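The following blocks contain the structures, represented as structure tokens.
Note that chain A is present in both complexes that follow, paired respectively with chain B and with chain C.
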Partner chain A sequence: MAVKLAHKPAEAGVDWEALVARRDALRLRKNALLTTLLVFTLLAVITYKGASTISWEFLTTPPREGMSAGGIGPMIRGSLLLMLGTFLLATPLGIFGGVCLAEYGDRSRIRRFMHASVAALAGTPPIVYGLFGLAIFVLKFQFGVSLLAGWCTLTLFSLPVIVLTTEAALKTVPEGIINGGLALGLSRWQTLWRLALPYAMPGIMTGVILSLGRAAGEAMPVLFTASIYYASTFPALSWESLRQPVANLPYYLAEGYRQPGVVPEHLIWGACLTLIVLVLLLNVGAIVIRTRARRRYL
Partner chain B sequence: MIAAMTPTTTKTVIQTVDLSVAYNGKLALKAVNAQFYENTVTALIGPSGCGKSTLLRALNRLNDRIPDAVTQGKVLIDGKDIYARGVNLTRLRREVGMVFQKPNPFPMSIFENVALGPRLHYGLRGRALEEIVEDALRKAALWDEVKDDLKKKSGLALSGGQQQRLCLARMLAVQPRILLMDEPCSALNPISTQEIEELIVELGKQYTVIVVTHNLQQAARISQYTGFLM
Partner chain C sequence: MRAPERAKQGERFLLLVFAMPTYTGKTMELAWEPDVSFEPQFAPYQFRLRLVRAPEGVDVEPIEIDLRQHPKGCITLPVWKAYSQEEWLKGYLFELEAIPTTSTTWATLQQFLMSDWAPTILYPRFGMLPLLLASLLITTLAILFATPLGLAAAVYLSEQASPRVREWFKPILEVLAAIPTVVLGYFGVVMITPALQKLFGEALQLSSGRGLLATALMMTVFILPTIISLSEDALRAVPNSLREGAEALGFTHAGRIRLVILPAAKSGLIAAVLLAVARVMGETMIVWILSGGTPTMPDFSSPTAALGTLVKPTRAIPDTIAIEMGNVELESPHYGYPFLLGLIIINLLGFAYRKRAQFQL
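Then we have the complex of A and B:
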């Protein structure tokens, strides 16, 4: 991006445009560097503090001695369970919502209102979802504090982002492809299902994974709806488990930190690192899906 | 508009009766009465913005997709008004195929591009489907160039001229009778243009072809009849 001023003949005077462009490029690079540096410092500190704790035993065994020793196996399993159910519930619902927003009633006031509402929901603080889940799923539907209530709450929490990314991804489908499908005599539904959705799928899946990553790291939505802190065993999985609370990483971090002296610091750092790596893996997965899909299309 | 100035004994396939199209209340096409003949190439020429493409898109009702488009008058295909109530759009567009100004292959393999239509419309699979794909690609003079990596290569990986012939093949695979082409060569280089033009002449022997062009020489080279819009 940097412009080489040396090649400008001297009599041309000062090339202000080039100077400004160079200044902007430098500023941009400086800011990018600063942000990256911050993130890496954060990662470095957490890795430094947490890496020594990580071991196979730490990742797979339950806590011992009243949470003061042992591993975080049940928390990891609980987080994975919460994410799996949320993925299965939120993906179809979110894509359906995005399709409705993108394809139907394009000019109507209702559509614009819906879009604005979903965008507002995407920015709603996680604690609001947690309280809503408590009021509706835990109490009203009598799911109790349970895996099921956690799935429902996290699904609501992830939905807006999935709906919006689906809508945005469908908007990027070239008009030529839609027209081509319709001109072949495909119905609107076939054009959507066979042409538009496959074209938009990499973008949609990126949105799904990113919103799952966000859901995986949030303690607030599961705080009142699904979480248990004291988990010293792996409870067997059955239909009954749906109605029982689960341990999970964000809640373990929040609660473990709040009770100083009970959970030793190195366990907290270890769990912190585990959660970050989990979310990072999800994000890397999203990038891989996107680049591979892009390559496939050309 | 005056279409088909030469009197003829050929059978009329399409007839428009006082066809008008307005976008957003602005008239794009005003009371067009035109006829298009069976197994004949008709070129539509005229200055840009005169409604050539609008007329073309009125013939397969692709204007329906534009929210503010209003169509009046009739388009008779074999004497039946395609704007009448209860007309099946899928059946209509199967009869009346279309290729666009910019080649628009689907982001899938060459085979899938051509196979999509017949598979969805006629439920073809296996051998029958492969035959229809080969036949369509041969008619579009593309078979020899793509037969080796039919199912591996993406339609988007072809050159511009090849992409346009792929779109022709895709259209032919659903067995239309009428072919609409909206400036099919305007995005192509001279060599590809010549190849497409030769194809149009060839297709004109078996299909009713209507080609929009802004090139008078091209109209002279490829068409038996020319409609002039202004």
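Then we have the complex of A and C:
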């Protein structure tokens, strides 16, 4: 590539250097603008297509007439149920794992190996988690296609991210705080529990929420493990319903694609918009937590 | 011709073959079911038949038959005998010994790399080459589209944008990264496939715009935030002294970026792109919705064929898993294949991640 140095014959009144710099800057800015435009087009199209469908009735009633009318109440409820269980299972496990990785066995080989494994798991595609859940939870443990199997699969799916963010958040705790605690005679456990974890909690919660948002939008882990397409009643939370499949938004959309013509298009767009809003709300929550925490400590 | 229920690797077994003298009386026709070589238990084999025992009075040279060489399922053997009328009508039964000539492992591998993915027909075939190639092509195209865009945006953000723009841009990237892939897929159905259909529909008789190109374009959208934010991190990690040094040496702005900052951030940038490669390879929902779902071999022999390859339906590895896992029969030979494909994806990803680790430092 031909790159010119700035020594150009100076012409009276024209600052070539500035002009060239400006041209390059505009070229580069174009790309950033393109990305921004893309995001807004995406959101605008989905909102435009879906907004007319959204109503209180659409969000709260079950589908009617062979899914060709009615709302997506059970799907929303199913998605929320899946996320609730995943949150309850994955958060303690993930934080525990992150603490173990960050605090214990500092530079040992095992720790490095564990870290690499968790990082690899974080990059494993959702479809592989779906296959794993099907083979292990649904078939081997005989949970069947059920809420329980969905919880387990989604927990596995969101664990690595939680572990990694917990570890990273604990790494950001200043040495001074830890040493101060130890100097005051706190045990290592107390330092961790009373000082390090509260300091790192916003970071951890951001990770938890982000990974929950990812789990909520992903159809693949629940595709074979927890999902049912046709749901005319609301899933209740009881011991029996743990062993039954639930309807959920991503699967509703996936199946809506797979069986074209069953669900009318406007319902699909409404469901798309609902899912986006759900996931974005989670993300906004994470951003808010992060900003408030930054303000608190800085 | 009847074959044993299940032939093990390298095992010889006896087959009974019906034989019929031809009209001339000098030769004899040996017939078997033409697709015996494609029966599930034989499919991985390439095997020979050897005549072991002929009926009494029939004098036949020992002969070896490669079933694949005779797709019609019959062969004419020379015989030396005068037939009686009765014999002529009844025909003979020959005993043949089938000797597998290829090992099962090798044959399975060979079949696995064939260009024919048809798992649900009577004699299923599992050649995964079209799936693999489609996956690789989608990844290549998406990376080709996304890298220049993403890199330029990252350079702008790290080198030129004011802190306010940067603060404002990060949440936008997060929003883009957070949009569920199902929704991205549907977005592609609204925005991309109709456009492709309009452009090439008449020339190529497309039924829809779904295919490699549509998938790759949507994948570009999918990985842009990853590439931008990771490469921006890499660029910001370049120490300021390098920038100032370059400026002091009289580089133009573009020269500074191209000759100093990009090379300095090279390993981080490559790591960012490789992470994007891994994410594209594993992404399922976008491919499922936008690829069209028909396994086809890519064909780049002529410009028209290449264009057809790009815009006609195809099928990659992840969506094959998604499509087939739902209706595969348990314990059938087909059952293992989605898992095998999953394994292949993991291995491809592992390759990308290992390369990434080399650059990450």
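Everything below uses one rule, namely that the second predicted complex is superposed on the first by the 260 of 298 C-alpha atoms of A that agree within 3 Å, B and C clash if a C-alpha of one lies under 4 Å from a C-alpha of the other, contacts with A are read in each partner's own complex, and residues count from 1 in each chain.
We adopt the following convention: a contact is a pair of C-beta atoms (placed from the backbone, for glycine too) under 8 Å apart; a residue touches a chain by one contact, two chains touch by 3 or more.
Note that the structure is predicted; figures quoted are calculated from it, not measured.
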{"item": "Partner chain(s) touched by A:180 [first = chain B, second = chain C, both, neither]", "value": "first"}
{"item": "Chain B versus chain C as contact partner of A:19, first or second or both or neither", "value": "neither"}
{"item": "Contacts of A:39 with chain B and chain C, given as first, second, both or neither", "value": "second"}
{"item": "Of chain C and chain B, partner touching more chain A residues", "value": "C"}
{"item": "Touching partner for A:194 - first (chain B), second (chain C), both, neither", "value": "first"}
{"item": "Contacts of A:262 with chain B and chain C, given as first, second, both or neither", "value": "neither"}
{"item": "Chain A positions touched by chain B in one structure and by chain C in the second", "value": "none"}
{"item": "Sites on chain A touched by chain B in the complex", "value": "106-107, 174, 176-177, 179-187, 190, 194-195, 198-199, 296-298"}
{"item": "Chain C residues within the chain A interface of the complex", "value": "149-150, 152-153, 155-157, 159-161, 169, 171-176, 178-187, 190-191, 221, 224-225, 228, 250-255, 257-259, 275, 278-279, 281-285, 288-289, 318, 321-322, 325-326, 330, 338-339, 342, 345-346, 349-350, 353"}
{"item": "In the complex, chain B residues that touch chain A", "value": "60, 62, 65, 67, 89-94, 97-98, 100, 102, 104-108, 116-117, 120-121, 154, 156-157, 167, 170-171, 174"}
{"item": "Touching residues (chain side chain A, partner chain C) in the complex", "value": "1, 3-7, 17, 20-21, 24-25, 27-32, 34-36, 38-39, 41-43, 45-46, 49, 120, 123-128, 130-131, 134-135, 139, 210, 213-214, 216-220, 223-224, 250, 253-254, 257, 268-269, 272, 275-276, 279-280, 282-283, 287"}
